[in-house]
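Some structures are shown below for you to check.
Next, two complexes with chain A in common: one pairs it with chain B, the other with chain C.
Our next item is the complex of A and B:
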C-alpha cells in the first residue's frame, strides 16, 4: 500500500476540476452524507442511512464486486453490534477500543463462516451463509447471560464521546451523526482503497469469469475468503455504529430478515457502484419511514416499489443515474 | 471507455447552485415549526405484525384518554396531542422511532409498546435522555433495578402478578402441571411465575415444552403433553399463538383429559376463534368490560369508549392504553405542566382510578399496584350477547404483597 491518495489523484492530474471532483468518490460521498441530516425528516433516520449504508457497502464488496450472493450478512452486522455492546457494558472498555475489538472479532467470525461457505457456489453458497447466520442468531438467543437473549442487549449507553482530549455530548443527535459519519468515512476510504488495489481487480475478474481468473494464476479460493472477511469487517463496523447509536442491540438484527433487507438495499441502490449502497439504504428507509406513518399497510407499497425497480432499473437507482449521465461505472 | 468529460453543460458552479437550492427547499418546512404550547405524548406500538389487533385497541383507548382531557380544556390550557408510531414489534425500530419522537417531535413523555424486548429498548432510550416512559406491556424485567430509572413507569400487570393470581384459582396441592411455553421473554417470564406459584401451592411440575414464537403448527407438541398426564396444562404465549395453540389442543382432545390455563386470556383471540374452542379456559386479565356490573369506574370507562367508538366495547389491552396515558395526564394536571421532575413526583404520589378500581405506582420500582382479574371463557349457551365472553372467577384487589419485594428486585430499601 502506498499513500492513500495515490490511486485516483495521480492517475489523471488536472483534467478539469469537475471530473477531478467526480473521481474523488470518498470525498464526494462524505460531502453528500454531511448534509444528509438537514435533508431528511429526522436525524435518527439520517443516522440509520449511515449505518445501513456502511453495512450494505460491505455487502456490496461481496455481492456487487465479487458476485457472491450471500444471505447471511446479518451475522456480521449483528456480531459488530453485540461485541461492541458487550465490550462496553460488561468489560467497561472505552468506546473506540470496543469498536476496534468488535471489528476484529467479527472478522474472525467472518473467517470461520467464510472457510466453510466459500467452498460452495451459487445457490449453495447462499444457503450455507443463511444457515450459518441462523446459527449465530440462535447462539445469541440462547447465550442470554451475555447477549440479553430475546430482550436484547442493554445497559451500555455511551453518553459522552472522548478522543484525543476532545469530549462531546453523544446524546445530541447532531454530534452523534458526525461522530458516526467519521466512522463511515473511514469505512469508505478503506473500501475505496481495496477497490483501487490490484486485489480489487482480481475480485472483479472472479465475478466476470472465475475459470479465466484461475487460469491467469490467481488463487480464487483464497481471494474469495479474503473478500468475505473484508466484507464482514466493513459490515460489522455498521453494527458497531448501530450499538453506539441505539444504545441497545435488538436480537432481530441477526434475523435472516435483516440479511434479506441488506440484499434489497443493494439492489435498490445499485450493486457494483460505490455510492449505490447509501442510495439504496436511504431509499428503503425513507420509504419505510414516510409510508408507515400514513398507513399500516406500508409493506405493500415498499414491496411493489421494489418489484418495479428490479424489473425496470436492474442497475439500481444510482447505477442507472450514472449510466444516464454517462459516467463510467468504475467511477463512484 | 466512457469518460466523465462527456457530460456537457453541468459545470461545478451550476451543480453547486442547484445543490444548495434544493437543500434550502427541503429545509424550508423545518423553519416554520415554531415552539407551541401543545403537550405531545409519543406512542410507539406494533400496528403491523402479529399483535396488531391488540395494538389498534391500545391506540383507540389512548386517543380516548387524550380526547377526554382536551374536551375539558386540556392541561393548564394546553392541548394534548398523541403521536402514534408503528414500532413493527421490533426493538431496533422502536428505539429509532423513540429517538425520532424525542429529538424531532420533542415529545414530553412516551407511553406504549407491546412486547418485553420492545419496551426495554424504548426504556433504554428514554431513561438516557431523562424522558418519562410509561410502559403498557407485561414484563418482570422492567421492574428490576438493572433496567429501572426514575423516569420508568410500568402500568401493565407483570407476569409475576398474573401467574400467581391465576395459579391461586386453578392449582391445588398435589396437582400435576405441564407447560407449553412460547420460546421468548414473555413465555419464559410467565413460566417462571407459574413455577414459583406452583412451588408455593405444592403442585408438581410434570414437564415443559418450548415452542418457537409465531408457530402455526402445534400438532407435534400435543401427544407429548398428553403423555405427561397432567391435570392442568398451562399455555404461556401471546396473540395469535394463543388462539392457534388452544385450537389445536382442543382438536387433539386435550380438554377431556386436563384443564387448560393461560396466564393472560386475550379478548381478541377469544373473539377470533369462537366460544367452543375457548370454553372452560381460565386465564388472568387486567380488564374485562363485564366488570361494569361490579364497578362504577368500569361502567364509566365502557360508556365513554362506546360513545367514542360507535358502540364497541373496550378490550383488555385497550384498557392499558387508556390507563397508561390517563395516569400520565392526571399527573401532569397535578404538576401543572410537563416539567419532568414535577411529573415524576406527581406520578409517584398519584392515586388513580381510571378503569377498574384504585391504582398507584409503587415507590421503589414504579410498578402499578392494581387488581388482577381471573376469567373463565363461557360456553356458547351461557352467553347472553356476542360480547358476553367471560365469567369473572376472581377479582383480587391490588396490594404490595402481589409483587416481588423491592429488595428481591435489587432496589435499595
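Our next item is the complex of A and C:
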C-alpha cells in the first residue's frame, strides 16, 4: 500500500526493512491491537480502546485529513449503535446484517447533516454540526418507543457470532475482543484505501488550500460532503461495535459531550496520523481509568491536560513522536 | 385555543428569548472582534448563575448578585484571555475553540467540586414574586423584569457602540485591527476588554436565567447549543442578528410548546437548518467569513 505522494519527496528516507514495515500501516496497527489486552491493565479497557479508536479514526478523516472541525461526530457513533440495537432487538435481524444496515442508515444520516453543514465554513461548521447533532440527541430522547428514551436502548443481546458456518461464543471476553478487532481491521483497511486513493489527495489539498483546490478544478463542496459521509460511516461502525459489546445503548452516546470527547481523543493522539486516533483513545481512557480511582472529578484533570496539549503539543502524542523520529507524511 | 393565551405564550417566549439574546450577544461580539468562538461560553453562563446565587446569599440581596456576578465573571474572563487565549492569536482558527472547550471541562468540574453536582434552587427576588394582571391574563413579574432589563442593556450597548469614542474604536477594530494599531490604538487592550464584556454578558444571562431554570453544573451545555443556534441563525458577528434570532427562537419555542410540546426542544434546530439551506451566512451575516 505504498503511495508515491508529494509528501514522500520531502520525507527523510528510513532504512530498508523498517521503511517497508512502516508502510504497512494497517498490518502494523492490527498487530499492536492484537496484543493490546496484555498491555493494558484490563480487558474492558482494551475493548473500549478498540471501539473509540475506530470512532476517532473515522473522525480523523474529517478533522485531521480534510481540516473540518466538527463537533457532531457523536450523532454517527450513536446512530450506528442505536440502529444496530433496534435491528437486532426489534426486528430480529442477524448481527452482520444489522451492522451493515446500521452503517448504511448512519451514512444516510451523515448525508442529511452533511448537506446542511458543509455549506458553512470554518468555525461556523463546528457550531452547526454541534447543533445538528444535538437535534439527533433530542429526537432520540423523544422517540422513546424506538430508542428507550432517557433509559437507553435495552433488550438485545448477541451471545453467538456466526458467519460463513463459523460460530463463536461472543460472551467469552477473548472471542469478543478478536471479533471486534476484525471489524476494526476492516475499518482500518477501508480508511487506508481512502487515504491512498486520489480522493485522499483531494481532501488533503482542500485542507491545505481550499481556494487552490477549487481553482484546480476539484468540486470542493461535493468532496466535503463525501468525506463527511465516509467519516460518518466509519464512526458508525464504532457505534455498532459498542452496541454488540455492551448490549445496551446509553442515550449519552449522542450528546455533544461525546463529540467533544472524540475531538479530545484525536488531539491527544495526533490528528492527521493513521494510528494517532488509537493512541489518543487509549490515552484518554487510561487517564480516565487511572484518575477516577482516586477522585470522581477526573474530568478536571483531563480538561487541564487537553488545554496543555492545545497550547504546547498541538500535534498530539503520536504525531509528535513521528515528527521526532523523522517519519514523513506519506508513511503515516 | 383563544387569542389571549397565545399572546401570553408570546410574552413568555420573549422573556425566554431575552436571556438567549444576552447570552448569544456575548458570543457574537467576541467573534466579531477577535474571531474567536468561545466554547466555554455555556460554562461561564453557568458560573455566572452560581456567582449570582453566591453573592446573593452572602449579601442577602438578589440585586447585589445581579450587579456583581457579571463584573466578577467578566474580570475572570479577561484573565482567561490574558493567560490562555492570547497565546493562540495567529495560530489556526480552531485552536482557541479547542482550548475553550477544554476549559469548559475544567470549569464545570470545578463547580461540581465547590457546589456539588445537584441542582440548587435560585429564589426569585421578593420584589418580583407573583404575577401581574395584564388585562388579558396574569404574567410573572420576574419575566417582565427580565424583558425590561435586557431592553435597557441592549440600549446602553447600542448607544456605547454607536455614539461614543470607545464604540468607534471597537467598530473600527472589528473591521481592521492592523490599521488600528498603525493609528496608535493598543488593540490587545481592546480585545481584552471585549472578551471580558462577552463573558460578562454570559454571566448576566446566567443570573437572569437562574430564577427561571434550576441552577446546576450541566445547565451551560444546553445554553451553549442554544446560543450557537441563535448566532448561526442571526449571523455570527452580527449584533442585530443576535437580537432578532434570539427573540425568534424564544418565541418559536414557547409557541410550539403550546401546540406540540414534544417538538419544543427540536424546533430551534429545525429553524436553524432551514435558515442555513436558504442563507448559509445567517439572516444578518456577511458572506465570506463563515459561509
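Note that the second predicted complex is superposed on the first by the 317 of 332 C-alpha atoms of A that agree within 3 Å, B and C clash if a C-alpha of one lies under 4 Å from a C-alpha of the other, contacts with A are read in each partner's own complex, and residues count from 1 in each chain.
Going forward, a residue touches a chain if its C-beta (ideal position, glycine included) is under 8 Å from a C-beta of that chain, and two chains touch if they have at least 3 such contacts.
Note that this is a predicted model, so its numbers are computed, not measured.
Because the two structures share chain A, they can be overlaid on it, and in that overlay chain B clashes with chain C.
Look at A:149: by the touch rule set out above, it reaches chain B but stays clear of chain C.
Looking at the shared chain after the overlay, A:202 reaches neither chain B nor chain C. By the document's definition of touching, of the two partners only chain B reaches A:242; chain C does not.
By the touch criterion defined above, A:299 reaches both chain B and chain C. Of the two partner chains placed by the overlay, neither chain B nor chain C lies in contact with A:46.
In the superposition on chain A, A:132 makes contact with chain C only, while chain B stays out of contact range. Looking at the shared chain after the overlay, A:171 reaches chain B, while chain C stays out of its contact range.
Residues 297, 299 of chain A lie at the contact with chain B in one complex and at the contact with chain C in the other.
Those residues of chain A that touch chain C in the shared complex are 69, 116-117, 119-124, 126-128, 130-132, 134-135, 138-139, 141-142, 255-257, 260, 263-264, 267, 297, 299-300, 302-304, 306-307, 310-311, 314.
Remark: chain C residues 31, 35, 37, 84, 87-88, 91, 93-95, 97-99, 101-106, 108-110, 112-113, 221, 225, 228-229, 231-232, 236, 262, 265-266, 269-270, 272-273, 276-277, 280, 289-291 touch chain A in the complex. By the touch rule above, chain B contacts chain A in their complex via residues 1-7, 10-12, 15, 23, 26-27, 30, 47-48, 52, 85-86, 88, 90-92, 95-97, 99-100, 103-104, 116-117, 120-121, 124-125, 128-129, 141, 146-147, 184-185, 188.
The touching residues of chain A, counted against chain B in their complex, run 15-19, 21-23, 35, 38-39, 41-45, 48, 149-152, 154-155, 157, 159, 171, 173, 242, 246-248, 250-253, 292-293, 296-299, 325-329, 331.
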